[in-house]
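When the chains are written out, they are named A, B, C and D in that same order, and each has its own residue count from 1.
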Amino acid sequence: MQEINKEKKPLIVAFCCNWCSYAGADLAGSSRLSYPADVKIIRVPCSCRVNPMFILKAFQRGADGVIICGCHPGDCHYTTGNYYARRRMSLLFSMLDYLGIERERTRVEWVSAAEGAKFSKVMNEFASKINELGENKRLEDLRCKN
Amino acid sequence: MKKIAISNIEKLYNEISSLQELYLPVKKAGATNFAKYENGVDVDIKSLQTVKSAKDLFFPQSEDMIDFKVSGKNIEIKDARAQSNPFVLFGVRGCDLKSFEVLDKVFLQEPVDTMYKSKRDAVTVITLACNNPESSCFCKVFGVDPANPKGDIQATIVGEEMFFEPLTDKGSELLSKLTTLEDGDEKAVESEKKEISQKVEKLPFVNLDLSNFKGENLMELFDRPEWEELSKACLGCGTCTFVCPTCQCFDIRDFETNDGVKRFRCWDSCMYSEFTKMAAENPRKTQMQRYRQRFMHKLVYFPANNGGEYSCVGCGRCVKKCPQSLNIVKVIKKLGGKN
Amino acid sequence: MQKIGVFVCWCGSNIAATVDVKKVAEVLKAEPGVVISENYQYMCSENGQALIRNAIKEHGLTGVVVCSCSPRMHEATFRKTCESAGLNPYMVEIANIREQCSWIHKDIEEATEKAIILGRSAIAKLKLNAPLTSGESAVVKRALVIGGGIAGIQSALDIAEAGFEVDIVEQSPTIGGNMAKLDKTFPTLDCAACILTPKMVDCAQNEKIDIMTFSEIESVKGFVGNFKVQIRRKARFVDEKKCTGCGECMQKCPSKKGLNDFNMGLNTRPAIYIPFAQAIPNVAIIDPEQCLKIKNGKCGLCAMKCNVNAIDYTQKDEIIEREYGAIVVATGYKPISLENFNEYGYSSYKDVVTSLELERLMNAAGPSDGHLVRPSDHKEPKVITFIQCVGSRDTSGCGKPYCSKICCMYTAKHAMLIREKYPDTEVHVFYIDVRTPGKNYDEFFRRAVEQYGVDYIKGMVGKVYEENGKLMVQGSDLINNEQVVIPSDLVVLAAAIEPNPSVRNIATMVTASIDTNNFLTEAHAKLRPVESPTAGIFLSGVCQGPKDIPETVSQASACAAKVIGLLAKDKLKCNACVSHSDEMLCTGCSVCANVCPYGAITYVDKEFRLGGGKTEVRRVATVNDAVCQGCGACTVACPSGAMDLKGFSNKQIMAEVDAICKR
Amino acid sequence: MQKLETLMLEKAKNLLSSGEVSRVLGWKKGELGYDVEPSVFTSAQSLDNFVYNVFCGANLSKYLVQETKKEGKILVFLKPCDSYSFNQLIKEHRINKDKVYTVGVECQGKIDNYKLKENGIEVVESFDEEVDFVTVNGKKFTKGEIVLGKCSVCEKKLLDYDEVISINEKRSPDKDRFEMVKKLESMTADERYAFWKDQLSNCIRCNACRNVCPACTCTKCVFDNDNSGIASKANSDSFEEKMFHIIRAFHVAGRCTDCGECSRVCPQHIPLHLLNRKFIGDINRLYGTYQAGEDTTSKGPLTDYTKQDVDPSDVFGG
């Protein structure tokens, strides 16, 4: 544990659907298209698997930004999953905004398996936005901070 | 006897808080609760009652106990109990003051609850007489005199002035340090107290009969069929227990932090279906059983074990706050005797 | 107590050049639960796999974390490795430290730190993994084909050819569908009946094929490999087994005023009839609305005339239940109703016809014995005007937004055939675009214009009205930029086609998804075009989208190949990462079933013990493992948290979140 | 208005005596005039305490989840707002409709006890209700002054019932239902954050909002379930207040009928309905107007979609 650099760097949790976006992230990797190491990816079968609880939990634990990536609408491996995800996230993000939590901390992007470049671009942009915003103060749980 | 003009009272708050931390009723987002006095807070001594009772100061809703720090396969254990500095609790009404006696019986008996005790020892209580008791008040039934709450210092509002009378050494010591106060006359206070007592006599629930609530009637009361109807509308929420000044049940829980575990205790409610979850589950399976437990505890079990002391102080918070208008008065009227 | 092994792969220098793999292995070794942590040059190599296998045996590992390339690359490999060493294959987690770490970061310290975190996250998830086994279900080796048009016929023949039994359920009294009504077919101009009827006969004669005409699907239950289907065999009042199709009854029937559906209502037929000469089955049917015996008990001539006693006026609908392993939907199309297109005068003038009606008018077996005459006065038309895209590519809301695809070609065919047979007839065609991609299609169209002198006018028709016994077609000529009015004898409308309306009901029964135009949705637009997203449901022909005959036949055969592939299996291995419902938490609210794209969730009333000898019946969800594909939509829709996904459980994902956020 | 009560009582007595129903779900008189409580009556005699007046704000439909599991049929009186919750519960298979006899009753708005207290009324000795006014202890109020928040914006109608008891046309709402939501939306993020921080930090996690909510009928709530990963009993940190209320609002999104019970029962007067109403407003705006509980069959907005739905990034119009 002592090896880990404790200097406060932004932390971004990315939920990627297995079929498109996770593959897109892999393609970004095999194309050597870099993005900040602040981005950590969690593989889920589909964007519709992402429960708002996971997103809040990530913020509670100290994430500064959360991004959900799925197949483009109409291309879902499970036909309709991302349509549900789209509605759920639209409402959730709007609610977070309503509570005064910076709206830029959450994002949904559709990235196909062929869009390695887009994946990298999205992550770079998102990471720099989160860097600008700085530490997540409005949805933090002080008990989790060391 | 000391006094201050109410128009000047901010000065008093400032003076007290320069000596010790001061907690008093503060209105925030439309609700009044005890909170720390700080610049800019909206002190509310006009409201008769805070939503949460003053027990919050000794037995807060949630309180850290132990920290476990985990590093690789090592665990380090740290005492996380907060040390309490002396503080002043201002604006305590007679009912809440009475509740401290009840809580002391629970927490200060062996084994002493150190977390409670450290805060209880640190406090100087300034009580406040109730100029205008409400229809939901029935503290007199439980032997409380809302005109004479015996704190370390007893405060009474008379007209545009507030009077202070020290009743303990702790009270005298604090009062002697307060330079913003001037000398006051006892007569005004006496007549105010009389007026309050007269008001109390006119309250609708002032003559509740408790005579049935005796240890020897325990089984009979337990089996009364009226519990079913009394509890029918109960939602099983914890409002009554959380606003109650004498409810003292808690749960001990662990919270996983980023580098270990925080063990804390927090209020629990016997009204919850998850309460006293044992190997299998809550032994009280129906809401009726849980509802009965709460009132049997306050009116029968507790007095049976504590020299006849009821663990209700008649503050009437449950009367005001129950979402479906169930409350202890309805129970007493049904089962207490000649009501 | 968990015993976890961590295996960090160098991937040659792919990982090792930017990630300090030794350090990663060392740091992860200190994690609670980890008993062994190794690094190796190529974990996927035989030696690397042997390292894992040995460690599993030596240390009695309960789970394995491999820090390597993407799980999309080698997850299957390492699962097999572990399985061969006796560990459940689902007790393996991969930390992607190549594609998502070493390849995108340059700084060694940074990449190493991230690799450690990804490794921790995998460990955290693995600790909550449970051994999973894929369920198995038997396959009923029989297919159901819904619809007996050319698509259904072709699919059925191909499936039967492979040795499996097939039932064709057709709602009309004969198979053959729309193709049977066509005269000639493009681009070769061979006669439709000549190529279709032999296939129909093949079906009838194939002992693997059971044809159920005048029948409808009543209900579908079950799932891939195990469908239970109820079929309503509607009463035809003629015993199919006895009737020889001699036709004697038709001659004698006194009630002859029924509209002949087969001829698009252009002529009449008796109450007892055989739809057309080559109908399969070649069996009569009675229209009860028209039959005097059935309506008022006075007649019975046909029964008297029938030598084989096939007539049964009291016959009732019958419901039979059969089991199938696969279902092919081949419900086809119908031309749209033209009631929204009054400007073309279809309902006002007898001589405004649809293209399908024209097919019958030109067909030798049609109402005019193949002699092209106007329906109104049976005179030969001298000027014929075709109007294209009637209701196709129409975004006004009156018609359909899509291109019906077949109209350009069949109109060229019609024009050509008319000019060929009646060279003195003038033929005009109003069109928006002429779309003729396809083998020999454009050549075909050009022949119509160049060789047969058909007058193609680019422009829309404003209206059709009658003047002096002529149908005046008023339209714009966009190329010459002028308004034209063509006095015509016959106007032919290329009506858009739409999915057969029965498909909606069928889609609901088989839980196949359907698009806004009522076409069935394919599992993948490009890669799985003949499968529905619902496992075991296959799409053949126009029910999936507009197609011409060659395309339909190719798709029907492709569809059959998929069905054969399924029926050839004895057992189906189900997806192991499926949803499941915690019955103690489920409230039976149905929210989960509403979002399930596969219809995998059903509800049962179940009795639960409440304690104290009391019980309570509650409605709870159950997931069919064979049908669930594991998307997880239900898990988020479920407010009580009763629904969870194996392999990607709420707790597992939250453990990953926690591990990532620890720092 | 007292006439309504008489008609209802008559109906209850008739149905009980005819054996059509074995129980009646309604409201029972309290001790102070305003402390009316929901109750189940089983005999004509017990109906002596039956009451229907301006203090019957409590929504009765949730009680039917348990009541319809019992033997026999139960008569329930449903105000317009209760009816929407009732329908939603039918849709979610939580109530057995065969065991309920529904009677829709007219409602002209129910009094908020807190507002009454603010006006110095401690015990209700007498009151007179008109459509637009109510006179309590001789003091005349316009309805807008003292009715529950949910009633001042109520647009709900009487729906389908076995029977309806109604005399007067319904009072029209005093204000726009989304007024406060819009006001919050027009604030800056900092202002909104400050507003909710003040409000939610008062939360004592008594669960009254959850337990009264007719959309919260889970056998075990995720917050009570140690296995859910988000179980919590107290707001030990400011995060947990938000977590609880966001997740709760999300779980009832598309299912919440806006019955306003959450705000009515909150001991700290947190305007919790503003969270639900935010979702309702967003749903109406983004996916077309939808009123949960208006029918018993339609798909809820979160179990439905269109291909043209906006992306989350476009929700804010920026």
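Please note the rule applied: contacts are C-beta pairs under 8 Å (C-beta built on N, C-alpha and C of every residue); 3 or more make two chains touch, one makes a residue touch a chain.
A quick note: this is a predicted structure, and the numbers were derived from the prediction, not measured.
A.B. asks: List every chain that touches both chain A and chain B.
C.D. replies: C, D
A.B. asks: Look at the interfaces A-D and B-C and say which one is made up of more C-beta pairs in contact.
C.D. replies: It is A-D, judged by the count of C-beta pairs in contact.
A.B. asks: How big is the gap, in whole Å, between where the Cα atoms of chain A centre and where those of chain C centre?
C.D. replies: Going by mean C-alpha positions, chain A sits 35 Å from chain C.
A.B. asks: Report, in whole Å, the distance between the mean C-alpha point of chain B and the mean C-alpha point of chain C.
C.D. replies: 68
A.B. asks: Find the geometric centre of each of chain B and chain D from their Cα atoms only, then give the gap between the two centres in Å, rounded to an integer.
C.D. replies: 30
A.B. asks: At least two partner chains per residue is the criterion; list those residues in chain B.
C.D. replies: Where chain B meets two or more other chains at a single residue, that happens at 72, 255, 258-259.
A.B. asks: If you look at chain A, which of its residues touch at least two other chains?
C.D. replies: Within chain A, residues 1, 52-53, 57, 61-62, 80, 84, 88, 143-144 contact more than one other chain.
A.B. asks: Residue numbers in chain C touching 2 or more other chains?
C.D. replies: Residues 30, 595, 637, 650, 654, 658, 661-663 of chain C each touch two or more of the other chains.
A.B. asks: What pattern do the touching chains form: line, ring, star, complete or other?
C.D. replies: complete
A.B. asks: Please give the residue numbers of chain C that touch chain D in the complex, ascending.
C.D. replies: Contacts found on chain C: 516, 584-591, 594-595, 603, 616, 619, 637, 639-641, 650-651, 654.
A.B. asks: Going by the contact rule set out above, which residues of chain B touch chain D in the complex?
C.D. replies: Those in contact with chain D are residues 28-31, 33, 51-52, 61-62, 134-136, 204-205, 229, 232-233, 235-239, 241-243, 251, 253, 255, 264, 266-269, 272-274, 319, 321, 323-327, 329-330, 333.
A.B. asks: Could you list, by residue number, the parts of chain D that touch chain C in their complex?
C.D. replies: That would be residues 69, 91-94, 217-222, 225, 227-230, 251-252, 255, 299-300, 302-304, 307 of chain D.
A.B. asks: Of all residues in chain D, which touch chain A in the complex?
C.D. replies: Touch residues, chain D against chain A: 184-185, 189-197, 222, 228-230, 236-240, 242-243, 246-247, 249-250, 253, 275, 278-279, 282-283, 286-287, 301-307, 309-313, 315-316.
A.B. asks: Which residues of chain A touch chain D in the complex?
C.D. replies: 52-53, 56-57, 59-60, 73-74, 80, 83-84, 86-103, 106-108, 110, 138-143
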